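The structures considered in this document are given below.
Two complexes, one shared chain (chain A), two partners (chain B, chain C).
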Partner chain A sequence: MIVAFGFLAGMVLVSAFGVVVSRNVVHSALFMSVSFLGVAGFFVMLNAPALAAFQVLIYVGAVTVVILFGIMFTQKPQVRRFATIINRQFWASLVVALGIGAFVAVIVSIEDWGDTKSGAGSTSVRDLGRNLLGVGQAPEIFSLLFEVASVLLLVAVVAAIVVSRRKAGAGEDSQVAERVES
Partner chain B sequence: MPPQLQQGVDFLNAEIPLEFYLVVGAIMFAIGAWGALIRRNAVVVFMCVELMINAVNLSLVAFSDYLPQANGEGTSYAILVIAIAAAEIAVGLAIVLAVFRSRRTVNVDEINTMKG
Partner chain C sequence: MQSVLSVLDQEPIRFFVSFGVILFLVLNLAAVLTMAERKVAGYIQLRYGPNRVGPRGLLQPLADVFKLFTKENVSPNRADMWIFLAAPIAMFIPAALAWIIIPFSPSAVVADLNVGILFFVGITSIGALGVIMAGYGSRSTFSLLGALRGAAQLISYEVPMILSLLGVVMLTGSLSLVEVVQAQGGGFWNWYFLPQLPMFFVFYIAGLAEVKRVPFDLPEGESEIVGGFMVEYSGMTWALMQAAEFASLALISAMSVTLFLGGWQPPIEALDLGNFNWAWFGLKTALITFTFQWIRWSVPRLRMDQLMNLGWKILVPLCLVWLFVTAGLMLVFPSLGQ
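Take a look at the complex of A and B:
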């Protein structure tokens, strides 16, 4: 257990660091997917295999592909210098982030969580589904949250199409055409 | 089996305390916050926000597995968080694309007015 935990923790944290400091944006996206894969491994260790499958399908699959498409549409070639990717608040934000991390880590370490034991919660997919629909032991708010999430996903899909749609005459093509002509 | 070997096997099979997962989540959250603060590229800022969301998901699932009175609800919250994060990334990248069309840049330091 401790070997798997150490391996996954190293994988997650090193690739999270790689996302921040990598000069190539595509490398950042690939580091991010490795980090998500490590989190999926943590979910397996935490007796949530269904959630690990969701994590691999949605994050490692879909979100990484969407972000890679975003990079393809918007990025210029790789930058050479480190200073061009990082703004002037480097040291101040390092202090802030270290402060946040140390504060939260110390708080969760000294807090008394009571009688904790791995595998104490329910682990079956059946209970997960019942929880998500707010039936049985689960709080009823989950049924509302489930419906709101589905409406939100529909709204997000429609909004993504509307926002990124190319306006007639004002799009990229006309600008490119102007540049070619001039 | 000699006692040293038995000790080593016990160490390897020992249960991991809840705090370890929470500390990993806290460090991952801090790295994501750091990246979201310092990077100039809007797409990388989105990636760092996703890292922070995943760190919180990890903490939720750890609580759901370790606390007996949690009743496995953290996992359900984690699924809702994943759905909302997917919606956020879709709309966010669409906005980045629209900004890139009008400004020819995704540098968040240069994008300081809302009307194109």
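Take a look at the complex of A and C:
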């Protein structure tokens, strides 16, 4: 158990470090996918296989691929290769990172976790679904959070359509359309 | 003998032994399927196909493997070596790893996960990363074009594929593949391809697109972008990519058999072979694989916009409609769900 934890922690930390220091955006994105895989491994260790599968499906299989897709579509190869995008504000970012780390550490240590133990929950997907919809034993706040997340996704989808849609009179297509209409 | 077998059946040892067997099977499948592909092509085009090595060309895979092992690995000068070399591995490992959840017979499954179907979609989605890595790492124009096409195609077709699995999950009430197969016992009229025919259709087509085969081989597009993301690969790295392609072809066949065609269940009860029911599984998988190869040599390639239209405007709405139909029927007839 300790060995597996050490291996996964090392994997997550080293690749997270790689995301920050690599001089190539594509390398950063690939390092990030390795880091996500490590997090999926933590979920497996915590007896939550469904979360691990979702982590791999969404973060490794979809988010990273879309990020890489975006990088390749939007930038010229020269820009991608050199350090033009890398932020040089080392000290400011160090302060921010340490601050967030300290904040999370304080929150985690102050919170009273009661007799909660890691990996003690149900591993069945049925229970997970019931809890998310507020009909299981879990507090009903989960169903509210579930709905909020789906509204957020809907907003994102609508926003993507609005952003990508061509404004009237901007491109060639709309001129053609106007001609057809008249 | 008995004691040796019982030692091998202990948990960690059983897992590693059966995983080794699966890996062996997958690598050999890839070799055999390359030959099957050429033989099927030959017979469909009224010629013999490979027929020089061994009786009726049966030893052709061996010759191919020897050739690929001894071939030099060439890489472009400007290639991003780490990504270039890691890409075939990133394509092969998910294709091989996904096999551990396939139930070959009631007792022959490496890991009967209670999230088997989720594991399948999660692991196969990593393959898209391999395609992008190959295209970017080669630093050549054709590769990059192929990779972009591949990423767009794989991400788009994941949606109908996952939706098409939901009907089966609703009917079974479980994500474990062993339970899915067990729910289909007792004759071929109980297999899920009858009540879920549109879903089977969608899964088959989306699977075809996920393994990047004709008519969805735009990432490869040998007549327009001369091999796409794999144009710069040669020797063993190319062989690994081919192995990944054929392993995922067989994987999609095995998954459609498991989910919709009853897995190891015999077509009628009288043909039950007991412990040898894996023969039914193998037979059905081989048949589905053959239909994939048949399609490859009969259908022309789609254009990019046709591909996207088919995925988003036909397959996804069809899935959603059938999901509602299934849910409605389950509400009216509660005996459908288990």
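One rule holds for everything that comes next: the second predicted complex is superposed on the first by the 128 of 182 C-alpha atoms of A that agree within 3 Å, B and C clash if a C-alpha of one lies under 4 Å from a C-alpha of the other, contacts with A are read in each partner's own complex, and residues count from 1 in each chain.
Simple rule for what comes next: contacts are C-beta pairs under 8 Å (C-beta built on N, C-alpha and C of every residue); 3 or more make two chains touch, one makes a residue touch a chain.
Just so it is clear, the structure is predicted and the values come from calculations on it, not from any experiment.
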{"item": "Chain B or chain C, by number of chain A residues touched", "value": "B"}
{"item": "Which superposed partner A:F142 touches (first chain B, second chain C, both, neither)", "value": "first"}
{"item": "Partner chain(s) touched by A:V66 [first = chain B, second = chain C, both, neither]", "value": "both"}
{"item": "Partner chain(s) touched by A:T123 [first = chain B, second = chain C, both, neither]", "value": "both"}
{"item": "First (chain B), second (chain C), both or neither touched by A:V26", "value": "second"}
{"item": "Partner chain(s) touched by A:G101 [first = chain B, second = chain C, both, neither]", "value": "first"}
{"item": "Chain B versus chain C as contact partner of A:P49, first or second or both or neither", "value": "second"}
{"item": "Contact residues of chain A, present in both the chain B and the chain C interface", "value": "50, 54-55, 62, 66, 69, 73, 123"}
{"item": "Touch list for chain B against partner chain A, complex", "value": "11-24, 26-35, 37-41, 43-44, 46-48, 50-51, 54, 57-58, 61-62, 64-68, 70-76, 78-80, 82-91, 93-98, 100-101, 106, 109"}
{"item": "Residue ranges of chain A in contact with chain B within the complex", "value": "1-3, 5, 9, 12-13, 16-17, 19-20, 25, 28-29, 32, 35-36, 39, 42-43, 45-48, 50-51, 54-55, 58-59, 62-63, 66-67, 69-71, 73-75, 84-87, 89-90, 93-94, 96-98, 100-102, 104-105, 108-109, 113-123, 127-128, 131-132, 137-139, 142, 145-146, 149, 152-153, 155-157, 159-161, 163-164, 166, 171-172"}
{"item": "In the complex with chain C, residue positions of chain A that touch it", "value": "24, 26-27, 30, 33, 49-50, 52-57, 60-62, 64-66, 68-69, 72-73, 77, 123-126"}
{"item": "Chain C residues touching chain A - in the complex, by the definition given at the top", "value": "80, 83, 113-115, 118-119, 121-126, 128-129, 132-133, 136, 139, 144, 147-148, 151-152, 154-155, 158, 173, 175"}
